[in-house]
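Okay, got some structures for you below.
Each of the next two complexes has chain A plus one more chain, namely chain B in the first and chain C in the second.
Take a look at the complex of A and B:
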């Protein structure tokens, strides 16, 4: 009964995610004026028929910005998750497969990264990159950085899994049949790592969405005029009270709904990844 | 006793090695950063060629990463952590001024989050009422879905204390782990036997469930320090508190790499110390049980 309810919630979460992704992909048709067009005569306006979520302080349509921002966050977070999973597979998978000194060295580097608080690591590396870059480059820098730094915990899990596979009967049998090196890793080890890789990929997405939001609010994320959930949430800093302009909370609500939906979808993936 | 000494020595070596390696990594990052080996002062029209040459000469040491790193270590051993580029003050002075506030905020935040998380986890494990469980899971799940910086913003809007904002960021992580650990402990056969024999729920909780989960809870305590220190960045930056977190944020915005690398190494050392401490106490507890 409980598992049936969980399945229903999971399907509902999938439907919500598909709906949000679909709407954001259709942003060009729903809001053809774009995210950067300014309506200077109605700057900082409340919601109206023309501007469903009002306009920001320089007159840009907030609804359009939410749609385009959702698209950027929802498309690039999976791209960063893919990058981090690939790095984790390379470092953790190979280290576990090779074992011995390789595994110890790889895990020492992993521990070094893991010992740093995530946000601290992000702002340190972000500070090394130039801050005054074009909006497109800032998007790339932000999400590539997330991808390149977010591999550590996944690498640990993959190293442990690959290490257990190394001692398994079928790998021993393959070795006895003369299959070695890259071929053994590619044909026998990697396919068995695939479920863990999938799980790590899906788990990373909400983590990267939240990380981008944190960086954006702190002014270290995607640069203006490109919108992202992080840069849209920066608007909340100007509020004087929670109830005064509730429509400004729509990006936050959307982010919370999407991350919650991911949590429901991932409920079985987390068990797999542990 | 010998095992414990070995454990402490292993952690001490790991701590020193990680800090040294982290320092080297920071030096490499600084060397690779765009804008390295340039100084705005050289654009000053009041400076003559000789003065500019002196400025360039002063940076020659930085060209060789290892030499630069070695000299930085030597200076650090004497207590000289360099000078902040953006604030023009010695890094050690900045750390001394700002560390107490961060320590207070993080300490209070951790105390609050652990108190609430353990109260919820223990009551959920003890009551075993699905509605209560669903309510606490919903609460922690909602907080997990919000970025730390948004919780800091809400704390400003609702005029909540900054330590409470840190507690709200850390609480759901601790609650989830401790709830799972207590769940696992409750499913153990000796607890099922105790319950079948009619042992009271409170006695089961404090005599059987908590001791089983204690070593892992200690590991969570170590991790929670790292989460709280990370949470200090958005909370201090948004709430306008002049602590280490705000300093790190300002250093990142100003690309003040000497300051940022020193802060990073300091934070790494603090989180490693917390994790090692939790690990050693866990080892002692397991030793007592054995």
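Take a look at the complex of A and C:
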């Protein structure tokens, strides 16, 4: 009975995600005016028939920007999350599996990464980047940087989990049966790390979306005129001005819905696996 | 007799009531940064300037409303024909806040301290027009003449910034001649000023000024918090207001916000013209071309920038000087017209051609360049994005880059690794001498091509000559002619492409009486001694 309800929730969450992904991919048809066109005569306008979510401060259709921004964030935040999870699995998983000096060395490197002032490093990276890069390249660079830098916390969790697996009965049994090295890690350890990897992956997505928004303030995020959830969320700065304009909360609402849907997919997968 | 007594009593009650109403209350507002010094001679930062304005007594004061110079501690003054000497006749019977009498000795002491090279005073630098010492001659306790080694442009106006210090008071800079004196200072949190009991001014009815008992200044860097506190009536004034906040407040309480019209500040962009910059040669050729710069300027819709980005609280810029600067603005200059077609024609005349929606130069290079602005400044980011769309209409692809301020400054002043930059210039003074560091080709702040050994173009040489003419002359008409010509050259050559002049927006609580916001700092409390609270 419980697993049947879980399946329904899972399908519902999948449907929501598919719907969001679908409409974002169909943005060219739903909002043919595009995300960059400036309707300057109706800047900062409330919702209307022409502009369902109103226009932003320079007259760009907010609905179109939400659709295109969703496309960018939904494609690139998971890509960055995947990158960071892979790095975390490699560093943390192997360190925990190998144990001893390897684990200590890997965790020392992880701690070093955690202690570095990444904000200043990112500012430095942006400062030395070439200026004439297209907005699309700037998006890719942003998310790759996030993916390469966001693995440390996940690596610690994975190291601890892999370490506990190393002493488990089934691993000992596998070793006694003669399975060793990469084969043991691949067949017996990695599948058991999967729930943790999934969790780290899903957790990273909203973190990266929000990180992108923060980086945008420092000039490290998605370049104009390309939208992203991060840049759209920047509209919520200054609470004084937002209270009377609830439609500006749509990107935030969408982010919450998508992250919740991801969580449902994840938790139900774990439940089913159990 | 009884009637007379009743009348006297009634009059006394009236006076008492009025006097009480005028003399009570604490004005509250925020400064965004902490004042770095209370020594009026060492002031450099904006917050210290504000404190100096509230506490310092000056010989002459520029009326922030009329922009005319008015006597304060000096009853009258005279500048010699050669612009080297100024003679003041001083007010008598004036005392510092600690009771020390004010005399010509204090003026001489202040000037000598100010001009001491060891002090490195930014205020003093404005008087340093040539090598040599400044001589002060005390003619009598109420008369003094000051002689400078070389003519000082706008000599009398410079004294607006010179707060007189006591030569004899043990309290030194804490003994003041202004309407208020420092009472309590909690670093990083609050500065409280109390009324100077010895302030010399009275109002038309003979009442002693200032009306207010005290001023509480909170150090609040966050403008959102400042706005919230104003809405909660925790502070009474906001000196400079964002156009977005202005409109929000205006919809509910229009009587609280004030648009004083165009300010002196300018927003501009410029192209990198530094010969040693690491840009490709073909881009250097574009940026060195006045025709290219003029075409870019013509393709920018300034009306839209003013109307959309600043919600109508800005005016399209005409040239280097805002029309708000009543005397120095060159009224012969025409507003810059927006015409993408004319811009494209001008570029085509220079060998550029439009191919499949992309503008290319005569060598086939697509016209693509980046513009940097400081991250976090929403107005500039929006202007850059609008200009991006404007230039797209003539086939130019503009990449908008926002950088943190130190990185931007490093590219602008050290590496010269940039193509175009958009920034603003906050003009505090009205006199063109204040802009010498921007216009002289040898200056480090000559942004488009700093620290030129010799002027690299004929028009820069001409600007150098004209700026020196206006800086070394005491003849106002001659100075005006020279600076008018500088403005004409600047508009013709477009080393800076001026975009808009932002309006001076401020907010004043309904409880404040006597406020009349202006465009020049301190916008809301320039007449602080006459402000009172309901």
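As a working rule, the second predicted complex is superposed on the first by the 171 of 274 C-alpha atoms of A that agree within 3 Å, B and C clash if a C-alpha of one lies under 4 Å from a C-alpha of the other, contacts with A are read in each partner's own complex, and residues count from 1 in each chain.
Just so we're on the same page, a residue touches a chain if its C-beta (ideal position, glycine included) is under 8 Å from a C-beta of that chain, and two chains touch if they have at least 3 such contacts.
As the structure is a computational prediction, the values presented were derived from the model and not from experiment.
Student: Is A:43 contacted by the first partner chain B, the second partner chain C, both or neither?
Tutor: The answer is second: A:43 touches chain C but not chain B.
Student: Give one of first, second, both or neither to describe whether A:210 is in contact with chain B, with chain C, with both, or with none.
Tutor: Only chain B is touched by A:210; chain C is not.
Student: Using the superposition on chain A described above, determine whether A:78 touches chain B (first), chain C (second), both, or neither.
Tutor: After superposition on chain A, A:78 lies in contact with neither partner.
Student: Counting touched residues of chain A, say whether chain B or chain C comes out ahead.
Tutor: Here the partner covering more residues of chain A is B.
Student: Looking at the overlay, does A:123 come into contact with chain B only (first), chain C only (second), both, or neither?
Tutor: In the superposition, A:123 contacts both chain B and chain C.
Student: Once the structures are superposed on A, label A:224 by its partner contacts, choosing first (chain B), second (chain C), both or neither.
Tutor: A:224 contacts chain C only, not chain B.
Student: Does the superposition put A:57 against chain B (first), chain C (second), both, or neither?
Tutor: A:57 sits against chain C, while chain B stays out of touch.
Student: Taking the superposition on A as described, I'd like to know which of chain B and chain C A:252 touches: first, second, both or neither.
Tutor: first
Student: Give one of first, second, both or neither to describe whether A:99 is in contact with chain B, with chain C, with both, or with none.
Tutor: A:99 sits against neither chain B nor chain C.
Student: Could you look at A:34 and tell me whether it touches chain B, chain C, both or neither (first, second, both, neither)?
Tutor: neither
Student: Output the chain A positions appearing in both contact lists, the one against chain B and the one against chain C.
Tutor: Shared contact residues on chain A: 123, 126-127, 131, 217-219, 237, 239-241.
Student: Name, in rising order, each residue of chain B that touches chain A in their complex.
Tutor: It comes out as residues 14, 17-18, 21-22, 25-26, 29-30, 32-35, 141-142, 144-150, 153-154, 157-158, 226-227, 229-231, 233-234, 237-238, 248-249, 251-253, 255-257, 260-261, 263-264, 267-268, 271-272, 275.
Student: Over in the complex, which chain C residues touch chain A? Could you list them?
Tutor: 224, 227-228, 231, 244-245, 248, 304, 307-309, 311, 368-370, 372, 375-376, 378, 381-382, 384-386, 388-389, 399-404, 407, 410-411, 417-419
Student: Okay, in this complex, where on chain A does chain B touch?
Tutor: Those residues of chain A that touch chain B are 108, 111-112, 115-121, 123-131, 206, 210, 213-214, 217-220, 230, 233, 236-237, 239-242, 252, 255-256, 259-260, 263.
Student: Where on chain A is chain C touching in the complex?
Tutor: Where chain A meets chain C, its residues are 36, 38, 40, 43-44, 57-59, 123, 126-127, 131-135, 217-219, 223-225, 237-241.
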